[in-house]
Amino acid sequence: MAFAVATPVFEGPFDLLLHLILREQVDIYEVSLTRIVDEYLAEIERLQVVDLDVATEFLLIAATLVELKARRLLPGRDDVDLDDELALWEERDLLLARLLECKTFKDVAGVFSRLADDADRSFPRTAGPDERFDDVMPDLLEGTTVKRVQAAYVRAVTPKPVERIDLFHVAPVRASVADAVAELVDELPRVGRITFRRLTSGLVERLEVIVRFLALLELFKQGVIELDQVEQFGEIDVLWTGGLEPVAAGSIAIDDYEG
Amino acid sequence: MMELNEIDTETVRAIEAIVMVAVEPVAPDLLAQLLEQPKAMIERLCAELSAAYDEAGHGFQMVKVAGGYRYQSHAELAPYVERFLLDGQRARMSGAALETLAIVAYKQPLSRAQIASIRGVDPDGVLRTLQARGYVTEVARDAGPGQAILYGTTATFLEKLGLNSLADLPPIAQFVPGADVVEALEFGLRIDVPAPDAGG
Amino acid sequence: MMELNEIDTETVRAIEAIVMVAVEPVAPDLLAQLLEQPKAMIERLCAELSAAYDEAGHGFQMVKVAGGYRYQSHAELAPYVERFLLDGQRARMSGAALETLAIVAYKQPLSRAQIASIRGVDPDGVLRTLQARGYVTEVARDAGPGQAILYGTTATFLEKLGLNSLADLPPIAQFVPGADVVEALEFGLRIDVPAPDAGG
């Protein structure tokens, strides 16, 4: 059964992002998008031991963040398409609106929690009528068929699915971004240009695909590859720009993900 | 309310709260233990409380029944209560009650604890309703230590369902999931092909 | 009890008797019908009765929850009642459950996909838990192509929060983040004009 998995701390991508941004609220001008994005990605990496669907949802937001960050790193580029520029702003505004909505309901949830706590301190009377009224009560079995009794029995003895962390679909793959980076800096200089689809065609687990994608983002950040996607949801082209000299994986500085 | 000192006031309020949520009459012994007051004092306060309700002319009473105290509607208001029970309550049996009745029907004789272990909840209130309606009754005592009361269905139950005997209840074995399925559910594992004849 | 004329006294006593035997909140409409009195009068008497209990300092209350009146123990006596019920500690809801409930409460009826887009995560498991506990239910089908199931809150939800109706929910406007939060978020996600020392 699909299972709502929260990371040890965060329920979802908005939850995490809100936390990363708002914890600095004392002095918002200390907030650094770069740090937020890095920490966000670090959190996704931790997610690989949890639930794939959730990791995917985190990743969707990560893509927007990385785009925002990339744009900020290249403020003076003249070749920026105006449409792209507008699309990015739109995307940012959308993300902002969703964060605000999410924050709104998080605050409501806090109020609900207090209401429920208060209500839980009072216990309703459920005793019902006493035996003096036994004869007044209508026959409760009126219209009940044997089949209903049989069905009720089956329902009663069928074990209820116990809600617990379903580890079945969590792959025992412990691929880390660092490992994937090491593989890529070995492979990419030899092939030069490759599509993301081909790069991941041999991978079975979606998790491994996601980790590879994160590793590519890391290499992009380090400036040794270029990424190009001609159309939305289209093929992603990966171009190695790090030169022909073999690069030691260790020389690619992976950000300190401890945040 | 009544004229009381501080400790008594708190104790009386606690008695009211506990008896109000109780499904069965609450014994003064239990109240004394929960409220950490002498039993004699609890008895005195309950008696005073009961008298105070009567004097104030409430539509309910606190009475001592079967060795314990409980709230009940005042006898004078019985016509209204009866009208409510006839018109106001849904006559249909609740899902919980029907499940409990079904368990008793198929597994009798069995104890309250055995019912609880199957349903996962204490069947106390539900059993009382089923007994009050005459569908279920105490049929024996467990031979083991504790001598738990064992329950079974009544002739009324068979009559209402139009059955001659319990042997006429439709068999259930083929519908009950087998041990492998149960285990799979419990441990969140997947089973590839459920055996078609996974009888219990 | 309260100062009342004769008809009112009889009506109040009948209300007390009926609510005492009820197992779920009793709607004023039903009381009005059973007691053959105008609903407005029933509402007034119930409110007065409820206030009179509080004023007298009883250990129980009569409150309006989920559209009807019920007796319950007073919150101040919770420690004693919990001791009595043993399992009186009720399950607390998780943050995810509360957030999902908040969204459903204010935006109902709405689909799973709409919940997902607000929370940023698939609400499947949480929704199932909320449905199992009876706080949320399927209320309709979307008229559009996929005919998505639309969810809404239940009377049990109102009881869980101790609310009489959805109208008692605090207005959503008061939860919209303030200017400081908006500013912080905008700054955190700003695109242009990187500060020279912004790093990265």
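In order of appearance the chains are A, B and C, and numbering begins at 1 in each one.
Here is the rule we use: a contact is a pair of C-beta atoms (placed from the backbone, for glycine too) under 8 Å apart; a residue touches a chain by one contact, two chains touch by 3 or more.
Bear in mind the structure is a predicted one, so any value in this text is a computation, not a measurement.
Asker: If I average the Cα coordinates per chain and compare with the overall Cα mean, which chain comes out closest?
Answerer: C
Asker: Which chain is most remote from subunit A in terms of Cα centres?
Answerer: When every chain centre is compared against subunit A, the largest gap points to B.
Asker: Suppose each chain is reduced to the average of its Cα coordinates; what separation in Å results between subunit A and subunit C?
Answerer: That pair's centroid distance is 30 Å.
Asker: For subunit B versus subunit C, what separation do you get between their C-alpha means, in angstrom?
Answerer: 27
Asker: Take the average of all CA coordinates in subunit A, do the same for subunit B, and state the distance between these two points in whole angstrom.
Answerer: Computed value for the inter-centroid distance: 46 Å.
Asker: Mind pulling the residue numbers of subunit A that touch at least two other chains?
Answerer: Only 1, 123-130, 133 qualify.
Asker: For subunit C, what residues touch not just one other chain but two or more?
Answerer: Only 20-22, 60, 71-74, 81, 85 qualify.
Asker: Spell out the residues on subunit B that touch subunit C in their complex, using ranges where they run on.
Answerer: Contact set of subunit B toward subunit C: 1, 9, 12-18, 20-22, 26, 30, 34-35, 56-60, 71-74, 76-78, 80-81, 83-85, 87-88, 122.
Asker: Report the residues of subunit A in contact with subunit C in the complex, numbered from low to high.
Answerer: Of all residues in subunit A, those touching subunit C are 1-4, 6, 11-15, 18, 20-22, 24-25, 28-29, 31-36, 38, 53-54, 57, 61, 68-69, 71-73, 75, 88-89, 92, 95-96, 98-113, 115-130, 133, 163.
Asker: Taking the complex as given, what residues does subunit A use to touch subunit B?
Answerer: Within the complex, subunit A touches subunit B at residues 1, 123-134, 136-150, 152-162, 164, 166-168.
Asker: Under the touch definition given earlier, write down the residues of subunit C that touch subunit A in their complex.
Answerer: Residues 20-23, 60-61, 63, 65, 70-75, 78, 81, 85, 88, 90, 92-93, 95-96, 98-99, 101-103, 105-106, 117-126, 129, 159-163, 170, 172, 175-177, 180-194, 198-200 of subunit C touch subunit A in their complex.
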